[in-house]
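Presented sequentially are two complexes of subunit A, the first with subunit B as partner and the second with subunit C.
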Partner chain A sequence: MDELMEFLEELHPDVDFETCDTLIDDGILDSFDIITIISEVADMFDVTISAEYIVPENFNSAQALYELITYLEDEG
Partner chain B sequence: MQFVSYSFFLFLAIVFVVYYLIPKRFQWMVLLVASYVFYCFAGPKYLIYIAATTFTTWLTALQIDKLKAAQADYLQENKSLSREEKKLYKTATKKKQRHLMLAALLLNLGILAVVKYTNFAISNINAMIGLAGGQPLGYVSLVLPLGISFYTFRALSYLIDVYRGTIPAEKNGFRFALFVSFFPQLIQGPISRYSQIESGLFTPHRLNWKQVSFGLQRMLWGYMKKMVIADRIVVGLTTMTGDTAAYTGAYVLIEVFFYAIQLYADFSGGLDMAIGAGQIFGVDLPENFVRPFFSTSIKEYWNRWHITMGSWFTDYIFYPISVCKPMLNLSKWSRTHLGPVLGKRLTVYLSSFAVWLATGVWHGASWNFVFWGLSNYLVIMISQELEPLYRRFHQRFDVDGKLYFKIFQVGRTFLLMGFLRMYDCFDSVTTTWKMLLTVFTAGNWNILWNGSLMQIGLTAADYIIIAAGILLMFLVSMSQRSGSVREKIHAKPYIVRFVLWTALFMAVLLFGAYGIGYDATSFIYNQF
Partner chain C sequence: MIQHVIDYLGFGVDIEHDFNTILFIDKDRQISWGEFQQEVAAAALSLVEKGYRGQPVAVIAEHSVDTLAWYLGVLASGNYYVPINPDIKEDKFEKIKSIAGIELVCRGGIDTLQQVPAGELESVFCRLREIYSNLPDTLPMYIIFTSGSTGDPKGIVKTHQGMVSFTDAYIREFGFDRSTRLGNQTPFYFDASAKDIFTALKVRCPMHILDSRLFLTPLALGEYIRDNQINTIQWVPSALSILSRLKVLSKVDLSTLQKVLFVGEVFPPKQLKIWMDALPQTEFINLYGSSEMSGICTFYRIKELTGEQNVPMGYPLSNSQVYLIDDGQLVTEPDKVGELYILSDALAAGYLKDEERTAAVFTRRPLADLPEGTYYRSGDLAKYGAAHELIFVSRRDYQIKHMGHRIELGEIESVTLGIPGVEKCCCLYRDSKIILFFEGSIDKAELSRQLRERLLPYMIPNKLTAMESLPLNANGKVDRTQLLNQ
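Let's look at the complex of A and B:
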């Protein structure tokens, strides 16, 4: 989680990823950011987030994103 | 049958009465029959196209759903399988689902490609044959089925969503047929998703007068935009764009402005009618425009203009391409070999290129639209690259949040988009470039005040009506920023509401563009 937070804060230094849970709803993350995140997550966790998981609920907060990564890791 | 016709009003009235009179469980069936009757008016022979798309996507989605259910059952019954075995099994069934999905996708995109792009392909082949001195091929006579780009995209979004597992397949083919053909959104969208309108279409609706009056008000607002503004300003626009030798320089700048207004009033007006008509039956269709001319950047503009098309391309082209295995491998490779900055962006830029190429091609079978799409791509990518520079500039001169700077950004975006949109107005890419170039070279700025603009088919009365219409659109847009305008009017005393809506109704009747030779039956986006 720490590694993920560090990367997200680097991507958007102006956003408080600890508390924000409207990253998509408020337009903070755009489609370019999402692709950058997915690409980074693939490197960081060796997990592929396919298109079907790109829905607001999975990207609205750092916590939701981390939960998605954990789920995909478990799925193998 | 088009939205701007007496037959449509009669049709709407009949459907309305039947819809609210019959038992509620049959309401959706009324809408289905009405939608197919509506489509029949465009020509019964085109029913085969929409029926084929409906049937193939419905059947395929059902098969995919069955495979998913079989997979779940198998895994339930074989809990002792190792993680690796489960993974192998899932991969194999996913592959079968993907093959089914791709077959239906290719079939339906194939139908769209054949009817929409065959003659475009032939004209390009002929150009090459001409260079080689050969005999040109003959063109084929194919008429585009009404709304084919819209209903095909709607059906495919459903198919992909079922494949992705985000929605279950609809078991009843007739219910699915209603989603594809629902008449308010048939001609020019919005490109709704099944999950967005399923409940509206199939939940029984009691007659709710507030909802019905809101729907009618929304439609009336659409008629105002279409008939008072778009269909009036188009007269001056076609005079100018029809004679590229006479109308150059400052005239082209006027064309940029006129076309922006005409396209917005025509397309968003049509969508107001569609959304309003949906609301009359209790079906909330998604919004397609959110004050696009208030955008401060091209990127923002595309989040506010033709929203349902933009999100379709993002969800079903941009993301799948960006996150597919080869693209992620390319991203990894490029980050190692080209550096972290370019490496990160390469995949986004390649996927965006595919999206904008597809957006251009979707809009029409001509090089003009391809160049239009790619020009948008270029501008967005350049803006993206210059973003850090902009940020530094904003900080250095402390302009962030300043009203004057926002007005400058809005004006800049309006002009830039206006220039790009001109590909739509001329017969070739090179003519468009030449005409845009004359803005800077012709030096005929005096036409703006020497009375020349009174010679383009618009009278002083036309200009006054258009200006009043634009002002009204602007004021409504300003008011929308703090909530629904109809709700605000609804909260006013009865007499105020009555006067306001009657005045709008009278404005459409008195100032709508009518007369001999006037064709109020077509919308720009009908041809898509």
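Let's look at the complex of A and C:
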């Protein structure tokens, strides 16, 4: 989780990823950010987030994203 | 006699015919040709009542039907519009207002205006025609602001004549008709969106105004295209790459797409290949244009991918002629680089209140044996290939002198993009060093080896910098300024 937080804060230093749970709903992350996150997560956790998981619920908060990664790790 | 866009599109004349044909669909509603004429009339009347005539009107360009009703309503009232990005910073907007002399700003809320019943359309447009047809021919159609190199916004003056000339040539070339179903991605404050808007209005085909949030959920985006049987998309490569990179093309059958047109930047060859492999029956067309004209001026129908070379710019659209000039000489033979000059009815009238800058790039014929007319000096360097197709080389500004050699940074970029494992790259020149930023799975050592095999020694970058992702500007293009300042 720490590693993920560090990366997200670097991507958007202006956002408080600890508390924000409307990253998609409020348009904080754009489609280019999503691509960056997906390729970074692939390197960091060796996890592929495929298209069916790219939905607002999974990207609205750092916590939700982390839970998705953990779920996919267990799956894989 | 210059044709006004409102007349060209048949507003208030061709009322009954197509009345119920669906024209625009946004995330909240859809509107037919008949209803759209009613909304345009309502928007126009509201401006006439306020006493606006022959003036600039800013329209906050949300991605909605309302924005389009304002654009056309502004034109029908004898004014011209200035598209504004909804996320614009206040100080920049103030600058634009003062340069253009804007007093009125419109945003959404078409439903709050006094409605015009269908039965009154003919008489209302008759009244409006009295107004707009008696204004000078030199009145702009709209003004698009881009950020100038000095940091001050630069207004480009677009003409009615240019839009009519382009739209006619474009529709003829690509055979757009009532069976076309457009999926619009480009925001309405980008000039590139005019290709979608005016094609839809002229041929009266449906245009889906794709919610920008769909691009955050790529699978839903693919399903939307499939379920609505969208058959034509004209997007920037960055937007197309979202579907290919996130492997949507292998999950959703997008074979309804007949034409995929792209414009604005180089399509990373690897992503284009994924698209072409997934959709073998689809036509892929590379477009080249400039903000200093309406629409585009060259196009290339891609037959096959040749791997290492950029997709050509191709051949001129029927309303334009293009010439390559180097050192006061016309370039006609293959492989020799020249600067691209455009002669076209679709050229912009120039830069707003900046005669000096206008005169610098909108010139009389540059060589005595070329046809008469105004030419736009594009600042882009290009060459001819074996089939006399134009091939983009680089921006003139990206041509550098390094250790006594004239080098095109764009050529280094194009070679780099042909190396497996490179997704994106950007080449800059700083402090007498060639610096290459890249993104992809390849490591520095391997990239360095590959470059040495493919480039002349003096062209090999002095420094390689791997990046998670290259910074992009608001247009989705690599942000060179940000990289230069790193």
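Basically, the second predicted complex is superposed on the first by the 76 of 76 C-alpha atoms of A that agree within 3 Å, B and C clash if a C-alpha of one lies under 4 Å from a C-alpha of the other, contacts with A are read in each partner's own complex, and residues count from 1 in each chain.
Everything that follows uses one rule, which is that contacts are C-beta pairs under 8 Å (C-beta built on N, C-alpha and C of every residue); 3 or more make two chains touch, one makes a residue touch a chain.
Please read all numbers here as calculations on a predicted model, not as lab measurements.
Chemist: In the overlay, answer first, second, both or neither for which of subunit B and subunit C A:Met1 touches.
Modeler: In the superposed model, A:Met1 contacts neither subunit B nor subunit C.
Chemist: Would you check which partner chain A:Ile24 touches, where first means subunit B only, second means subunit C only, and both and neither mean what they say?
Modeler: A:Ile24 sits against subunit C, while subunit B stays out of touch.
Chemist: With the two structures laid over each other on chain A, which partner does A:Phe32 touch: subunit B (first), subunit C (second), both, or neither?
Modeler: After superposition on chain A, A:Phe32 lies in contact with both partners, subunit B and subunit C.
Chemist: Return first, second, both or neither, reflecting whether A:Pro56 touches subunit B, subunit C, both chains, or no partner chain.
Modeler: So A:Pro56 only meets subunit C here.
Chemist: Overlap of the subunit B and subunit C footprints on subunit A, residue-wise?
Modeler: In the superposed arrangement, which is not itself an observed complex, subunit A uses residues 27, 30-32, 34-36, 38-39, 50-52, 54-55 for both subunit B and subunit C.
Chemist: Can you list the residues on subunit B that touch subunit A in the complex?
Modeler: Residues in contact with subunit A: 83-84, 86-87, 164-166, 299, 303, 314-315, 318-320, 322-323, 325, 328, 331-332, 344, 347-348, 351, 384.
Chemist: Which bits of subunit A are touching subunit B when the two form their complex?
Modeler: Residues 27, 30-32, 34-36, 38-39, 42-43, 48-52, 54-55, 76.
Chemist: Which of the residues in subunit C end up touching subunit A in this complex?
Modeler: Per the stated touch rule, the residues are 212-213, 215-220, 222, 238-239, 241-242, 245-248, 251, 468-469, 472, 476.
Chemist: Under the stated contact criterion, what part of subunit A meets subunit C in this complex?
Modeler: Going by the criterion above, the answer is residues 24, 27, 29-32, 34-36, 38-40, 50-52, 54-56, 59.
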